[in-house]
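Consider the two complexes below, in which chain A is the common component and chain B and chain C are the respective partners.
Right, the complex of A and B next:
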């Protein structure tokens, strides 16, 4: 697919414009740039901000798409799923229990090989009620064939949405992709964002071509047939194979992104911060990167060599690469903004995955899990320092590599 | 029976956080009065709601309350009623909660005829999520999700509920407090599923012609039209005017209410055991031990 793209050299393309926008607005702008055909919506905080920006773009005439406000998330996700099957580029999104209410549709979307792009404005699952960020909503689909990516800035939200279309709609993949944006911290915070020109986006993102899987009278196929034990396992294997191809396609997309937009994200799968000489590192996803970076700068002034690895792509999970990177340090602390009750070592989801990734690695430093910032509670700089202390203790072998809840009233 | 309970006995110490001027304040006051008139003590009342501004209402009463999930109040209320049929079960929520995300439950609770009172605070908008289109929003309504005006025909809650076969259907507005109080009381007393569509204005996101002042000018009591609430066909005909006319009062009251689901379940238990119905303490004991 990449080879087929005739890309004019970058300087001939119109320049970026800088806008002060929120993470949610950045996603809406990406929908406009990607010229999405069908968008469905159903309000729930904090995702609802995206649908409102989209509605504005539609009514201003800036975005020519079918925009349907459904009667619930279940219908919302069903509508776009089938629009995608007939060849439309689609966008959808939700938060917290809204995402969970769509779960039946979410489970079948990868199996039907629908390249839906969705935004999850991460939110705690009610009850008890909370609007704040927690990652369990998006993580709930982690086993089903959704590609999952976490971003930590409005710029990254916009760019990643474009990359998500490129990857999801690649014929080798045809799997949905959800972009997670931390509720409030990213969805509602403004930042200066370089909005690329339509021309550049055109050069980067080909038309969605459903090809042989297009549901059309000229191409009579059955979507979602009843296959039972005769074929289900083969279909699962095909979906798995598509996910296995995803890392290479993601790499290609980021390489092309850099070539066309002139902005680089380095390693697509995870970002390293001050890791070169680090003794210990923290690992996490989403906007907790901000307090972590501040704390690291403080601690470095005090002579502590601490680094940070921010995981972007959770599915596919870059296990070997991450294990090789983390093997360089004396100890690793994984910060989860989620929980996985009853899991090994009572950890969060990310810590459990990191441990699994490390097992076959030649160097296996001790791993401490932290659960922090649930329900929108702030991950503070002192909290990061406290976690780092524990990681140092683990490096010295004085603490058991278990799980600690940080910033908790006890 | 209990000693006299004043409206204030149903008032919880929690202060409502609705916007000043929200119609839901009036609904709450009318509810206190209606509950006092019915006279069941708060601990014998279960008040179930979904999610929305309106769904906050149980917390402002001294009854047992369950502020459930968006759209799920009706099935949860049915569970409560069937587990403990002696409770007075009231369900409340918004037009969105009841007629979009939770709309699938409405026909089934009605055809089962579970003895519940369902109060929908219909403000033609999603209030809590800050003013998006709701299923009862009039066509052409401009909101954050429909900046050029809604293209969709609204649901008619009165006609829908009547068509599903509800035995008691009424409409009220806080612009007529004594009328609304009497209707809520009557709905509670009706033996079977009862529904009151309350036109409760959203002062923050609602339209000018949906506010109390406009209601006062527009409302027409059905009684003044000579409507006979036993006449289901006439009720259906009048309900068609939802969205254009603001009729208040009882559209339909089944003159010979059929047995409720809870009564039928008890009867079945008696038949199966050829004796007394099983005491519900078994259910509760099991729960308490768990």
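Right, the complex of A and C next:
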């Protein structure tokens, strides 16, 4: 993260407070700051910690919302979907197969243009059971109109939740947004977080105004009728157009965020680490950025020019921009904390997307896919070094680009 | 120290409801319609009549949520909606969640001063497939929330009628559906007894303040049940039995008659459970009090093609099961705990 510089806040607003909180708690605090109206909970590890914090905020009178413990994830997401339709700002979340249990609700939410904000505490899908992180849960909705963002620190979780409301509820967008926080590594890890003042949040985040789509006796509309082949394509295209407008709205939101909060995230879509002079780079999402950064610092001391690109926004995917960036290097290694069985080159989801993004680019360095850290297995510094070696070999043209599973017992 | 009702009310902060007095007769019904032309339901469709009467009873300050089924697909063809009040589709198993979410959204926004504070009726409807099968869990959950004013109405045409008449948990014993066709080896493919949805909701949810069974062959009572449910507040549930010409296979002109026969044969008892107080209603009460003789189920079954494969034995079996609900159940047609248990095993 490039630290705050340049533009100071335009007027003097109350200062931030620093708190030692987890990623989950940071998002609960964001819900309070955003004055969310309806929140639904259902237990599954590891995301459910956010709802434990929310419940405390409600019972202590710090957050005024309808807080409903649902009887399943399907209901959890359906309840907030309908609350949003009558104009309420809503929050929800889940993990792993809980997210999958809600899949029907997740499908209709963007189609109904509901600007829900959800947290995914990324977790391996059953079976066999594993509490640890995998990204397949959130990635499962990648084709449906959800805006998907990955964060790697509690600070970024809080800030991104506020940005998510701002973007999702923008009338040009009206699409839901899911914030992915790696299970345990982020949901349960404490860090010092600058908690902004309510005043700043108010200046940043306008009220949710559902406008002509509001379901209310004063605006008696019929929502989601049967359209069949007559109209489905046109309506689907409208949803696609909203997603197409999302990058510009995301940029606006980050610029305003910097102006009001005095913290900058640079390029909203992906973060570059030591890439200026890099020969090869690794690409990944979420908290694996931590061991990757440590390994890069080590390798740099040994004279290896390695960089890292951390993808934040997976939907919308900044294809042109990412392709232009990655085209500068001799080879690219994409680290997936997910799998996509039977996919091209047996890669993970991110590597497949990156290859697709690179195809029209003038410079197309070799791309190596890595699958590692599944089920919450740690991505270690030696593992990062091993991956980097493979990327160097690809740069020299001595290996065929493909997919390697790293840290696997054979 | 026990929590008093007043303290509970402070915890729950239930919003005020509209005061909807009972209609005094069919000639006193308002003429204004909130479910009008533009739908494509079948000739003789009783469920569409339920929609019309339900929302006429509720009035204009109402939001209706409709889960997938006939009353979604046939009523909301794009550009020709029949709903005058605001209406939103919800997923097949989501009527409970849709009602809860809508009510919760309105409650939060009104309490926080973000919208005008006024009582708005919230009705979520589902068919028997969406309610008694897939939506059971969400409806049950909603009926445990004392915090929200929401009516869930299940229109029961006894099959998945919109998808081609497949059996549901609410289809009567032995009925011919596309998933239970009588064949050479098996005459009776569907040998499950109909799920007792209203009884289940009433018995299992002490928080639910009003449960009723209705049938639009008795429209004034049925509409007043809707008005009572909306006025009483909290979570409420109505189960409507709707004859379906396509699914039950009969001449559409017989819809009302079949609804009446369902009641007078004792197959479909009409009752209300209001704040926990149970009472039989109308002709069901007449049967229970001995003023009306219960008609044989044969009169009802043989008018419908879905039972055309029934033999005399099948009819006799069906009759015996209905007799059992009247003679042996703790509450006739409602609670399937048999009185015999007490008689057979008196306390030592």
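Everything that follows uses one rule, which is that the second predicted complex is superposed on the first by the 399 of 410 C-alpha atoms of A that agree within 3 Å, B and C clash if a C-alpha of one lies under 4 Å from a C-alpha of the other, contacts with A are read in each partner's own complex, and residues count from 1 in each chain.
By our rule, contacts are C-beta pairs under 8 Å (C-beta built on N, C-alpha and C of every residue); 3 or more make two chains touch, one makes a residue touch a chain.
All values reported here derive from a predicted model rather than from experimental measurement.
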- chain B versus chain C as contact partner of A:361, first or second or both or neither: neither
- Is A:71 contacted by the first partner chain B, the second partner chain C, both or neither? both
- What is the contact status of A:82 with respect to chain B (first) and chain C (second): first, second, both, or neither? second
- Query: Where does A:223 make contact in the superposed view: on chain B (first), on chain C (second), on both, or on neither?
  - Reply: second
- Of chain B and chain C, the chain that contacts the larger number of chain A residues: C
- Regarding the shared-chain residue A:393, is it in contact with chain B (first), chain C (second), both, or neither? neither
- Query: Where does A:48 make contact in the superposed view: on chain B (first), on chain C (second), on both, or on neither?
  - Reply: first
- Query: Which residues of chain A are in contact with chain B in one complex and with chain C in the other?
  - Reply: 71-72
- Note on the structure: Within their complex, chain A touches chain B through residues 41-45, 48, 51-52, 55-56, 58-59, 69, 71-73, 97, 101, 126-127, 129
- Message: Show me the residue ranges of chain B that touch chain A in the complex, using the header's touch definition.
- Response: 51, 67, 69-71, 100-101, 103, 126, 129-130, 132-133, 135, 144-148
- Flag every residue of chain C that touches chain A in the complex, lowest number first. 60-63, 65, 72-73, 76-78, 81, 83-91, 93-94, 96-102, 104-109, 111-112, 114-115, 120, 137-138, 140-141, 145, 147
- Query: What residues of chain A sit close enough to touch chain C in their complex?
  - Reply: 35, 37-38, 40, 64-66, 68, 70-72, 74-75, 78-88, 90, 104-105, 108, 207, 215-217, 219-228, 230-231
